[in-house]
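Each structure below appears as structure tokens.
Shared chain: subunit A. Partners: subunit B in the first complex, subunit C in the second.
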Partner chain A sequence: MAADDPLRSKIVAGGTALVLMMRQGLVAPERLIALKHIPDLDGIEDRGEVVAIGACATVTTVASSPLVSSALPSLAYACRAVANVRVRNVATLGGNLAEADYASDPPAVLISLGAFCEVAGVEGARTVPVADLITGLYTTDLQEGEVITRIVVPKPASGTRANYIKYKSRSSEDRPCVGVASISSTSPDGSIASLSVAVGAVAPTPQHFPDLLEDAIGQRLDDSLAEEIAEAYASRIEPMDDLRGSAWYRTQVIRALVKRSLLDTEVGIR
Partner chain B sequence: MIIEDSFRLSVPPQRAAEVLLNADTVARCVPGLREIEETEPDRYEAVLGLQIGPVKPTFAGWLQVDRSASPKRLEAKAEGTDRSTGSVAQVSFSADLEEDTEGSTLVQVSADIRIRGRLGQFGTGVIQSAAKEIMRQFSACLDSSLSAASGEEAPPAPSAGRSVLKIIWAVIRDFFQRLLNRGRKGGG
Partner chain C sequence: MIGADLRPTDAVERVVGTLPFVLDKKVEGMVHAAVVRSTFPHARIVDIDTEAALQVEGVLTVLTGADLAAESSIDPYFGGARKDQPILAIGKVRYVGDPVALVVAEDKGQAEEAASLVYCEYDELPFVESIEDAMVEGAPAVHDDYPDNACGWGKLRWGDVEQGFDEADLIAEGEYMTPAASHVPMEPFVTIAEWKGNKVEVWTAAQAPHSVRRTLASIFGLEQEDVRVQVLNLGGGYGAKGQTKIEPMAAVAARAVGRPVRLELTREGVFFTIGKHAARIRIKTGVKRDGSLVARLVDVAWNAGAYAVVSPRAVIQGMARAPGPYRIPNVWVDSRAYYTNTVPTGPFRGAMTTQVAWAYESQMDEIANQLGMDPLEVRRRNLLREGDLHPTGQPMHDVHFVELIEDAAAGIEWGDTSDVDLPPNKVRGKGLGVIMKSTVTPSRSEARIELRDDGSVVAYTSSVEMGQGAATTLLQILSHHLGIGTDSIRFVHPDTDVTPFDLTTSSSRTTFSMGAALEEASVELKHELTDLASSLLEASPADLVHEDGGISVVGQPGTRLEYLEILRRSKIEQLDAEGVFQSEGGLDPETGQGVHTIHWHQGAAGVEVEVDLDTGKVEILRCHGTSWAGRVVNPLRARQQNEGNVVWGTGLALFEELVFDEGQMVNPNLSEYLIPSILDMPRQITTREMESSEPDAELHGIGEMVIPALPPAVGNAVYAATGVRIVDLPITAERVLRGVMARRDQS
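Here is the complex of A and B:
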């Protein structure tokens, strides 16, 4: 139905984004296609090497899931940090990704974890890495009539360190001004085996630069390396100005928080 | 709010000014432009469709070009209304052209954008990002338009949907026809 008349129907999951926009008079769809009653879209499944989160699982469900808390603690933490409890109980993780609001917590963490989405559409099913899903301001790679069905997150190896830092410049119940997610694992000799850093809420899309991290592999993650990576991210990112912070301010915060995120990673994985 | 951006065109300033003042070429490169009609010299009525996620405002209004300081500086004013959200956008543009490396022009654009009505809720950050993206698509299209020799097949318009592309082409052809019929200099 959504593919037949894309301009007049909108898909709704939790409604925390779409209904808000309808109330603000920004969108006026003639039909709403509700996903909440479609069976099997809201469970969280242990698939061995990965965790498969149903797109209609609420943010609270993800945050409080024992499986997510043990296997993906930085994701559980980020989900607990979203908005407030009233929003978390209704908003869905799939809806959060599909809305692609830049001032959001889950996308950066999911990208740092190498997550991907299972997408269903009239032309069939496909998978899209979360890193490629959000393509612009409130814009995703999803075509008309496509729906995210699952968010699949690879389980990090035992001993991996991961965290998410949400920086709010205004009230305690607010969108992030800057969000930094990082994850690293070390070889037996203490050198970096793998490393991923993603910065959210500063630009239309989450900012993720594997090329800036390549040279870090094999080195020790110490103060000066963390500072180097933080400086590289701060220089590469062109942040937005908005009421949570100016572009200049965000650059300073990015520099400080990327370093902090790299050095303060909690051991969270099994 | 004032947005500043710049882009390069691979032709000297005199030619760059001609291109920027050429409604035919410019209209083809503005993403989302659905209709444009010259009602008086340098005054146009136009319809511009934008998309910011699920919000798809369509601004209908006018554009007035001031070429008195060409080729160093071009100015324009525009105002449009989107009925679906009850919003009005007013924009004043200025473009300063200076010769960059030999044979190319640096175009520095300043746009003073005011939005009243519901779309104003989006906030300056979102509006700035959307404006920069439009500018990016516009300048890329314009630059590749210059690489294509005149009279050859035009470069593809930035993503605006197939049916919208047909409307743009129909209107541009019609506009160009009327331009030729008037025997006025320009076009191209």
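Here is the complex of A and C:
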């Protein structure tokens, strides 16, 4: 249905984003196709190397899942930081990605963790890395009639450090002004074995630059290296202006928070 | 009863959700209206095409301003201070959100759908958005009748400021800005209007039912008796519901379709109905080396928005409050409002005071800093004391500013500078603020009470319960003066057919003014009872005493007659009494001299903040709010009021701001216009509701006395922590960080 008549049909999961857009007259679908009653789309499954999260799992379900909390603590943390409890109880993780709102918490964390989406459509199923899914402001790589069915997240090796900092410049219930997710693992000699940093809510898509991290591999993660990486991210990202902060301001906050995230000196919200 | 922690009479109903609101009210046969709003800040209306809207199923009519203008029996303009606001735009629109048409349909969904199908063709006009835009010579005029966009001018002239500046050792000068804001009452504007013959009845969420009645009578050319306005509990008002707002729209719609019409605004519609005055405050102060103030010049420019509402009067309030609670021999204030093509503005909790207090209390710390004095000391040296003259020439009475500022300081351990172990990117500081606020004068409140022969009392007042606790407070006051238990007293909801005149439930006046009217009614009722008892007991009235709902001959408790026995034995079913509170005053329009307020409201705040030097983010660690209550009627409610003040003030200090761009309101929703949540609260909130030792001390309203002191206290604390002086509210993280980095660059 959605593929046949994409202009007049919208797929709805929790509805926290779509209903707002409809109320504001931004979209006016004649038909809403609910995913709610499709079985097995809201479970969270341990698949050994990975955790598979049903796209219709609510943000609360993800945040409170013992499996996610133990295997993917930064994701659990980011889900706890989304909006407020009323939204979290209804909004879904798949919907969050499909909406592709830039001012959002989970995408940056999922990218830092190397997650990908299982997508189903009339042409068959495929997988898309979350990093490639969000292509612009409210736009994704999803084709007409395609839905995200699962978000598959690799479990970091033990000894890996992962965190998410949600920085809100205004009220505690605000969307992020800047969100920084990082994950790093260390070799037995204490040097960096792997490193990933993704910055959300500052540009149309989450910002992550593996090339800026290549030189760090093999080095020790100390103050000056963290500062160097933070500076590289702050220089590379071209942030947007909105009511949560100007582009100039976001650059300053990126510089401060990438460093904090790497050094793990602060965990997220108070 | 005064001084007792009586549980709010409506506590259970509030918790279980049965408290009645107009929002829940249904009237037999009612239909629904939806508003079509302007999408341009300033434009001539070329054409309004209602064809498509009228085709929608269930639509009964679509009204436009032209329809109303053509109706000779209606005066389509209204306004509290000037009749400049059309019920629906006539000829041109003056702001984004200005109502241009009204759709009436059988159900709300149909009305809203049809509203989206009303097509308006406009011819755009140049517009003015800011105060600066509006005051420039040759600026586009929002109203042809006011070519210079002037919307009221208050002048205060006291002493000789130029001479004062000559005598000063130090001149402090600054410009401070405060933004527009939105009241965000939980309950939106909602009105049901119904015509019964030539009479109109409305149910509405309004703070001043008698004012709404007067306005509707004027619009329709009716006697006031032919307009009935009924109010239930309000889901918050904060000044937003203080004057007539959507009632005329509902009433014209009901008249057009001949059925009861309900109009409930969307949240966006609430944002588009009324806001808070943005203000630019320039303030110049002359100071002696010892810290004493000798002259102050204040120039306040208020952004009135597209319609006057009450701005021409409100600027006078702002004018009198602008010098602050200080003893200054030479004062000159100009307080001017300007029309702009933005949402109309009106009083906003802490009304016409948060703006000027932000300026004078920020500057007070700058003065202290320049003199190398303690900010507490420089205030203490200058604060108004009993018997001092206010710059309006009015002698100060019942003033306690020194006690308040000392309490605010003590509440945050002002002198304690002991080191706390903080990470290198965090700093802490403390700040103070103290303010004065007047209450609307002259003003009038009337109360009527009925004692029935079953011993019960029914009280009729037009005071509105809007969550502030008036229902409980007034009940306690009446119970106290009558000597009758609260269980035997019932208050009725405001209903202009039944409850007598009251100016308004705002300006923190209800406890004092309606309290006084109820006291007078109680005295009157007791007189009547004394007379009756005097006959029954064959005793001189002078020998009779009232105690706990009964009368006896002094020294002879055996003669006691309960009130209900007095009525029964006198064969009277019901005894009525009335009480009136009336204050007098007024200022000379050229000099501002005269009586501005029957008494002064007083509050102070002390805060401690922690600032993140990497992000500029300010966290309020603790806040102590304190205000002068005179006598506390209900300690729990009084404390909750002051705590609510801290919540309200926190938002204004840190992030509340209505943003405009190219004439459009950028954030008319609760996703982008943020109000404080529980997680934004200071880690510690303490309050004090200061009382006199006199048993009959004057009651003071305390609904909004900490609020204006809080933003400057936070600004001063940020300065103490970082050396950065923020002059524009709100104190955003970005502004603080810019200041921190500029200082870093300098050193």
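Keep this in mind: the second predicted complex is superposed on the first by the 264 of 270 C-alpha atoms of A that agree within 3 Å, B and C clash if a C-alpha of one lies under 4 Å from a C-alpha of the other, contacts with A are read in each partner's own complex, and residues count from 1 in each chain.
In this section, contacts are C-beta pairs under 8 Å (C-beta built on N, C-alpha and C of every residue); 3 or more make two chains touch, one makes a residue touch a chain.
All values derive from a computational prediction rather than experimental measurement.
*Asks:* Quick check on the superposition: with subunit A as the shared anchor, is it clash or fit for subunit B versus subunit C?
*Replies:* fit
*Asks:* Could you tell me if A:Lys10 is touching subunit B, subunit C, both of them or neither one (first, second, both, neither)?
*Replies:* first
*Asks:* For A:Asp174 in the superposed arrangement: first (subunit B), second (subunit C), both or neither?
*Replies:* It touches subunit C, and subunit B stays clear.
*Asks:* A:Leu67 contacts which: subunit B (first), subunit C (second), both, neither?
*Replies:* Touch status of A:Leu67: no partner.
*Asks:* Angle at subunit A, subunit B to subunit C, CA centres, as a multiple of 10°?
*Replies:* The three centres form an angle at subunit A of 80 degrees.
*Asks:* Can A:Gln252 be said to touch subunit B (first), subunit C (second), both, or neither?
*Replies:* In the superposed model, A:Gln252 contacts subunit C only, not subunit B.
*Asks:* Touch test for A:Gly25: subunit B only (first), subunit C only (second), both, or neither?
*Replies:* Touch status of A:Gly25: both partners.
*Asks:* Considering only touches as defined above, state whether A:Leu243 meets subunit B (first), subunit C (second), both or neither.
*Replies:* Touch status of A:Leu243: both partners.
*Asks:* With both complexes overlaid on chain A, what's the closest CA-to-CA approach of subunit B to subunit C, in Å?
*Replies:* It comes out at 5 Å between the closest C-alpha atoms.
*Asks:* Of the residues on subunit A, which ones does subunit B touch that subunit C also touches?
*Replies:* Dual-contact residues (subunit A): 25, 243.
*Asks:* Tell me, which parts of subunit A touch subunit C in their complex?
*Replies:* Its residues touching subunit C are 20, 25, 84, 167, 169-175, 243, 245-246, 249, 252-253, 256-257, 260, 265, 270.
*Asks:* Write out the stretch or stretches of subunit B touching subunit A in their complex.
*Replies:* Result: residues 51-56, 84-86, 118-119, 121, 123-126, 128-130, 133 of subunit B touch subunit A.
*Asks:* State the interface residues of subunit C toward subunit A in the complex, per the touch definition above.
*Replies:* 116, 423, 425, 614-615, 617, 619, 651, 654-655, 659, 666-667, 671-672, 674-677, 679-680, 732-734, 737-738, 741
*Asks:* Touching residues of subunit A toward subunit B in the complex: what are they?
*Replies:* 7, 10, 18, 21, 24-28, 99-100, 136-139, 203-204, 240-243
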